[in-house]
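I am attaching a structure below and will ask some questions about it afterwards.
The first chain written gets the first letter, and so on, giving A, B, C, D, E and F; residue counts start at 1 in each chain.
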């Protein structure tokens, strides 16, 4: 089956700023994104777990966005402007999709 | 009842014991956990229950002029306590300006669960309190956030997105956070439906309250114990001292104001507890938005790991006992 | 009681007020949310409670010949209402054939939460209703789905996998969806255990019902408000008109059938409400399987964002009032 | 009451019927599911409730010397039953050494839900039982795990990380697993707060128990039904036979010990049920750590899919009936 | 450590058809798959969240399947036949695994 | 925007040993990891779902760890020593990150 190369942007970011990151993805004109829960983790500040938590402040979320390579730089720039001062990071990988016009 | 008897009775209440159980289990590194969504259900239930009961009480006894005075006093406390807290923190600890401002915001604001705990203790003692204090609690949640921003801005630190973000948007996010909406909403519904609503909802809202509170405090014990473990490295003696003294300062200020306003003994105890309590839901999230450079672990460890247990075990009986003498 | 008093009393019931609170919070873009698993627990509780109480009522009063007639009437309503709905939609709106068929399926089927709300209102008024209407509700969930498929097929649109998928499999999935199983299962268990079971479970199933319903309606308000926001662009005047008129048509048809069957005033109100209500759990999922080309947002926005609030706030008191005159 | 009447009454209790509903729904491949976090809430509630009530009962009647004897007897049963189970499994089934050892551990340990079910049945019958059996249940959870390790080690199979992992760490994990902590913790809190705590928590802990148990058994029915489906291929006749006979052997051993100790009829029934029940929470997790080569599906299918339904439907009324004759 | 190249197929698809997609993966003889919840997202039809939802119709799920490159085409074809008419998409990336015989 | 190549290690492993795997990642000196829930799946032993489960024994979790290629071998070796006897597997892919010093 014919496939087309795209970029998979994975943003792991603290819950309180998820809305802001998504707003920036919207503004960067990506075709969509999906949010996946992270339930525990460890970073420079030590480990955390979502278990039993009632507030969202300490929790991380993963945002997945498949986008065209042409848009990558614009997306990275606008997203990184938020991420850089918050708890979280961005990683990018290569993927192949079937319907290229979808992204 | 003397303060000692009160403290003992408090310590042996199922609520406090369940908290101790959770705290101990966390320290012993038991794998006991409460699922996050269950914890959120319990928190939502407590807010709904104390909100509705406060409203129903207001429907019964009517609103007095005291309401507005007490709300004003609460807002003032919430806004000015952070300045006191910040001054103390900068004087006795090594916290940076931003960290101290963020911690100060937590202590100016309030903890709804501590509120639930003091109302639980008062109900056990049969001591009534002004129902409208629910509205006061809601009003005290956010002024401290703006005080902390003012402090940080004076020192040249601010919002993560500078002028890119309209401040109105942040105001709305903070003022409409879920816990305020449910607390105030249930309060208004309680006030509107009064005795009729209360009859209908009593089995849920009143009868189950102690049980749900126990389950929730078990979870709070687990979370506080684990948080203390995780944030251990920030717990220098001066910092711990702050987390134990600041509630007393808040309670003392509230006691003076309560005396001036003329709150009942129960109401005075609740108002003192509100001032003494430190936020760990609304303020942490707001700080991540407004002061992202502040280390969130420090404030949370103090508020949840030190001050909450202190208030639950020692503070609440103390405030109730003092209030009964102040407000007579 | 006049329809106006009923409407006012309904509007000021805690249930409706909690719905309004959630609706308002969604519009004000508060971050208040109910975790998904909590919402599912509440939905499961409501189904279990109304199912069991219906069964226990049947155990008490026995089954009458009316049961079969009413089930037959309910199935007929559920199957034929989609044809009416489809005709109206195609006449007055610009919806495509597939979209109109999918929307029609939602309005032929029923909403269990609306059912719970009308039984709550009747209980408040002390008006009894036939317990077996629970079984009627379960029977009315799915015929509308097959009506919609018939409509779509007539227009040359069908299942996503064509003949690759045995139709029996789809039938099984639809007939055994979770909400039907729990509603009917609890009904049968209520009927089998009768007064003995009721005594045992009353604190859970009866006493907590209003409280759980309030919490659930708070969630429904949030979801409906957000859904309305999300689906705003589909809300042309004709489409909104349909979502307000179709319930009245359903209620009118049900009223006629109830009169013929000889249902009690309470039973007539429940039957009218069932016909007037629109599905938003079972049918949306079935439509994704059977009519994947239909836009799911349109039907959900109408059913949850327009018709559900309409029934809750205006419809239910109206149907109760009319039923008390029709069925006397 | 004869064993037949008891069995019938048990079968027609709402609890068993809800289990049957879930079991049937799973077999019919309904999509009905209970969210995982809700299931965990229900399990937590049941443990808290039976723990607290046991403690409150002890506060009322005091501890007798029997407590220690019964705990010792329970530990002995839990430790030695796996050897019997292992011998039988190796004699009549084709299970490997490791698989047989893992299954044996499950049957030496206990099932808290089966415990909840037998106390529910006794409460319905008005038969009292020794409250400290909660502590006995907690004590019986883990010895079986160590028996299984001893068996496996004798055969040259052991921990996945060999000597890399300090055995103390594993001991702590096993001894402090969540269900033991909450069961024992609630027991101690019940004992400490006694009648005072009970008055406060009764609406939550006592009145809601049957309702929560029904909901939980609905979930257990679903999980057991699906598990049976998933593990079908392991269910040879000898293996099924083991899962039906082993509970009877456990119950018989427990009956003898109960007679010697002098437990009440209710206490004898509970003790027999504990011995007859098989773990499906604590032991499966421990086996994954300690005997990772054992196939987890086999033990779970037997314990949850065969033995649990057997005990719930047939075992419990049988043990109650026998106990009333043994302990008179 | 020696690793072997495989394909990581990620299918983001609406909940009501998850069962059908899994049945097709079973039929395509993959060695396994894992389902991960998606809790919010945005696409051409606007944004959604699982919060407070009682029905599953509007929710997306992520299905992860590690498979050998030799099977990729067959898997993509059978899965895509369902996905194409539903809400969702498929993406493929390269991964390395330790035990090649497992997939 | 300039990015730097890293490795994305994805460990899908049964819940009871998650703690042990994380302890090994800690010992291998990775800068962090994130845990994502898996709610259903199928493998050689048949299919499972987390729905309605009260125990954790049968559930899988996904551990994501972004690490420098230099550390990959050490991480794989220590993690694989646990994973090999348990239910689960490890896969590795290439990603690009913005802040190289973070990993």
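Basically, a contact is a pair of C-beta atoms (placed from the backbone, for glycine too) under 8 Å apart; a residue touches a chain by one contact, two chains touch by 3 or more.
Every value quoted in this text rests on a predicted model; they were computed, and no experiment measured them.
Student: Taking contacts as defined above, which has more of them, A-F or B-D?
Tutor: Of the two interfaces, A-F and B-D, more C-beta pairs touch across B-D.
Student: Considering chain E as a copy of chain F, what rotation angle in degrees (nearest 5) results from a C-alpha superposition of the former onto the latter?
Tutor: 120
Student: Taking the mean of the CA coordinates per chain, how far is chain A from chain D in Å?
Tutor: 44
Student: With centres defined as the mean C-alpha position, give me the chain D-chain E separation in Å.
Tutor: So the centre of chain D lies 38 Å away from the centre of chain E.
Student: Could you work out how far the Cα centre of chain C sits from that of chain E, in whole Å?
Tutor: Here the centre of chain E sits 33 Å away from the centre of chain C.
Student: In chain A, what residues contact two or more other chains?
Tutor: Residues 36-37, 39, 47, 93-94 of chain A each touch two or more of the other chains.
Student: Could you list which residues of chain B touch at least two other chains?
Tutor: 33-38, 40-41, 203, 207-208
Student: How do the chains pair up in terms of touching? List each pair.
Tutor: Applying the touch rule to all chain pairs gives A-B, A-E, A-F, B-C, B-D, C-D, C-E, D-F, E-F.
Student: Sort out for me which residues of chain C touch chain D in the complex.
Tutor: 35-38, 40-41, 44-45, 48, 52, 172-173, 176-178, 181-182, 185-186, 188-189, 192-193, 197, 200-201, 203-205, 207-208
Student: Over in the complex, which chain A residues touch chain F? Could you list them?
Tutor: Checking each residue of chain A against chain F gives 10, 12, 36-44, 47, 60, 62, 73, 76-77, 80, 84, 89-94.
Student: What residues on chain B touch chain D, complex-wise?
Tutor: 12-14, 17-18, 21, 25, 28-38, 41, 124, 203, 207-208, 210-212, 214-215, 218
Student: Going by the contact rule set out above, which residues of chain F touch chain D in the complex?
Tutor: 14-17, 20, 39, 45-58, 82, 85-87
Student: Going by the contact rule at the top, pick out the chain E residues touching chain F in the complex.
Tutor: Per the stated touch rule, the residues are 1, 3, 6, 8, 22, 25-26, 31-37, 64, 66, 93-99, 102.
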